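What follows is a set of notes on a single structure, which appears directly below.
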Amino acid sequence: MSSQAIVELKGVNKSYGENHVVKDLNLTINEGEFLSVLGPSGCGKTTTLRMIAGFEQQTSGTILVEGEPVEDKEPFERNVNTVFQSYALFPHMTVYENVAFGLKMKRVARNAIKERVQEALTLVQLEGFEKRLPLQLSGGQKQRVAIARAIINQPRVLLLDEPLGALDLKLRKQMQLELKRLQKRLGITFVYVTHDQEEALTMSDRIAVMHEGILDQLDTPNRIYDFPATRFVADFIGESNIFDGLAEPQEGGTISVVTETGRVLCRGTSGFTAGEQVQLSVRPEKLRFAPEPKEGFELQGTVRENIFVGTFIKSILLLSNGQEVALTSLSGQPIPEVDACCYLFWEPEDAVILHAHSQEVWSTIANVDLSDFTPEASA
Amino acid sequence: MKAKTKTHQRLMAVVLSLIMVLTGSLLVACGGGGTSNSGSSSGGVSGGGGGGVSGGELNVFIWAEYLPDSVVTKFTEETGIKVNVSNYSSNEDLLAKVQSSNEGIYDVVVPSDYMVKMMAEEGLLEELDKDSLPNLSNLDTSFLDPSFDPGNTYSLPYMGGVAMIVYNKNVVTEPITGYEQLFDPQYANSIVALDDFRAVIGMTAKSLGYSLNTTDDAELAQVATRLEELKPNVRLLDSDSPKSAMLSGETSIGYMWNAEVAICQEEDDSFEAVFPSEGCYLFLDNLSVLKGAKNRENALKFINFILEPEVSKMISEEFPYLNPNKAAVALLPDSYRDNPVSNVPAEVIAKGEYVQDLGADVVKYDELWTEFTR
Amino acid sequence: MASRSAPTSLRKRIRRKTPLLTMVSPVTVWMVILIAVPLAYVLLISFCSTDESHHIVFAFSVQNYVKLFDPTLLSIYGNSLLIAGLSCLISILVGYPFATIMANSSPFKRTLMMAFLMLPFWTNSLIRLYGWRSILGSNGFINSVLQELGLITQPLELLYNHFAVVLGMVYVLLPFMVLPIYTVILKLDHSLLEAASDLGARPARRFFKVTLPLTSSGIFAGSIMVFIPALGYFFVSNLMGGGTTQLIGNVIARQFKEAFNWPFGAALSIILILITLILVRAYTKTGGKMDDLGAM
């Protein structure tokens, strides 16, 4: 995979009056990659996409496409194309005319248009639909037309704004695969905006997770899942058990974390100081039952529920401080009965430790509590 | 499910239409009750107010802006008769309403000359009992026994007027004496005329020495040619306020009603008024009683009242038309009496001509007019 | 089963018998009384004639329709169509930008523009046209200003011609053009315009390829609502054209008033109704919705 930057956002801000929707965004999109911009609604992901397309002008910062700033370029002058959430097919034009639109605007010769439209329609498996009007198409077919129309101009970057949002689940799954295949085949850079974390994980080469206008994390799906950079990412992508506590770095790169419900272990990178307030994120499938306390773990819980979910069983446990945690184990493995008390642990490298600096309110309250507690524990 | 909603809709339709029908009939019932109620109550009031003079009601159907309220009030005070006044804006309106209403809705109507004839022929008018109209003697005889109602069998003159020429002395240097000059090419685009096909075509016929009611095809053929000559001279056709075009200087020659000419002269003394030598187009609105009038006695009382000099003077003061009541004219100020444009001289009236209904031949005039105004 | 079929069949029987009572809704009754009956009467008398004292004689004849082909009348029809067409065209040229600006304004400005558009309707249009006469007249506002500035020596002929009639029509009928266009522009999906830009359409091409076709139903609806009255608004031609520029409406009005020739007037009206029907049919054929026409 080439790692040449094709779109760069440098310190981009966007405000609508008082409303600051994109905050100091730095993002580099590489040529040929499938990049998802993921986040809940209102996180600024669509605004980001629209700034790249040219429908919105950033309040400050620079956007470079193919190394050139595009501030002064109108949408029709930018070598990017968009697939709209609502498809935005021209209702008064046939499928053929819709797809041919971009080429006509570029005054491509008639014969060449015909050839390329056929090609594009073949690519999205819509041969024979040329004469239909958008009104006569199903949701999935409209989606394909929208894609064919957007790729016909052979843009360097294709921007997709929640393109599968309106489709039903089954069709969405199918289109996900098709889109991924199409992207590989065309070698165009895809910038794919979605709020569906599963979709982002399945399709993307890299994911940019946005939250309240801020880029929380930009990484591969694997690393996003395994090593969420913020509590938000940990929560938003997949399911996570979050533990708050104070770090106590140990010899050999492990960190012991003192939580309200007892001590736990994790593998830590450098940069955590003794007594620093941290958060631990542990995926349910990484959390394990233990018949007796494991070394370094003082975590205990009571089983509230065991839910059978096909290939695995999900257990909900209540910790002594009232916090609920989830634990999944493969079906068939022995698990404690409901109301049984049990010890919990995880492999230290399976927990992700995060600085808790964003949780200011919590820390001011907690600091008071734990400053008393710390000398005792260390004593 | 679908069938169910359909039945529902149908049910709703039935219920709704029932409601509509019921409320409809209720409204009708209420309306009927309301009318009869108000009728009896107003009867009671007028009976009381009349103080035993004679009382009763009278329904007058007359042109808008033609009968002062003060006159109506005075009549009610003197006789105790309650007067209901309704208005129309053209003779054709009057005819249509009288023909389409029940007999007896109106008692007194005020048709113009030719309409008196039409209505009389239709049998819509009652013969007037002259014995109960002593004030008849106040009228100027030159307005009596008109062509449209010989012997004044059905009508007596109310107010009238003539169409005449006015021109701006500052612009038109050669004095104008008759219609003849209106066809002079030197006055291109400088005439305002009444937007009335009988007035314009009639004037053209008169300029050739024919009657303004001619239906002779040979004469009308000449009229057609003459109209073509008039066309380039006519800048504007306007019946509502032809004086405006004169006063604003849009046009320098006007062919309009004498009342409008009088106002022109009041505003600006550069306007010269002319009674065309070929004879004038006269109009006369007339008091008549409708056939089947419920309040025939009261109607005659009202007409006689209108013919009183004092009353007629009141009308003239408010609406300064040509007044055929010579006793009333005597009471009017010099400014009216001595101004021939207001108080049109008898010889002009005598020489003038009323418009007549042309019967089926009106089509010929309509065709001429369509050609003239295309 | 048996017990259930009895009420069903009863219901069916009722249903079979009720349509006459229930399907004829009060609205339909009103429509028949207020529209269908008068129209049928107009059609009927258009085949009649009149006698000496102007009474309608119910004897079938097509003479009124034959008379329609009189060259003078044909030229009046042509003139009317020309004036109505011009009024329509100018209304589009003025109304479309107005509607666009209005649709793209803030709600406050929108209300303001709507008020400017609708407020004159609170005054009788005759009075407003008299106002135009005092602006356009020989000694009117425009001529006075131009003469004062020394730009002209002789007053311009602004009144009592085709130009003035068209101006009056546009002035009186413009709201009927603006409102349907405004409604359609408001409903226009903005993302379609973005899509067009995105695909490389410059503003002008975007307008002609996307905006205009998608708002054409509004233009068509507005055109019908301007064109048809413009054929018949004889008071406009009377006031602004000085009575010397007749429209077919003037001829019709005269048949019913001074000329006492209702049958001929009816025949003339039937032709107008036919033109209207053809236009409306063309409108719905091309995908226009009747609702947008009746939205007024």
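Chains: A, B and C, in written order; residue numbering restarts at 1 for each.
In the analysis below, contacts are C-beta pairs under 8 Å (C-beta built on N, C-alpha and C of every residue); 3 or more make two chains touch, one makes a residue touch a chain.
These figures come from a predicted structure and were not determined experimentally.
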item	value
Co-neighbours of chain B and chain A - touch as defined	C
Chain whose average C-alpha position is farthest from chain A's own	B
Chain whose Cα mean lies nearest the overall Cα mean	C
For chain A paired with chain B, centre-to-centre distance based on mean C-alpha positions, whole Å	87
Whole-Å gap between the CA centroids of chain A and chain C	57
Chain centre separation (chain B, chain C; CA means) in Å	33
Chain C residues counted as touching two or more neighbouring chains	none
Chain B residues within the chain C interface of the complex	7, 10, 13-14, 16-17, 20-21, 24, 90, 92, 118, 121-122, 195-198, 231, 234-238, 248-250, 357, 359-360, 362-363, 365-367, 369-371, 373-374
Of all residues in chain C, those that touch chain B in their complex	11, 15, 18, 21-23, 25-26, 50-54, 70, 72-73, 75-76, 79, 134, 137-140, 159-160, 238, 242-246, 250-251, 254-261
Of chain A, residues touching chain C in the complex	53-55, 74-76, 80-82, 84-86, 88-92, 101-102, 105-106, 149-150, 153
Touching residues on chain C, where the partner in the complex is chain A	189, 191-192, 194-202, 205, 209-210, 213-214
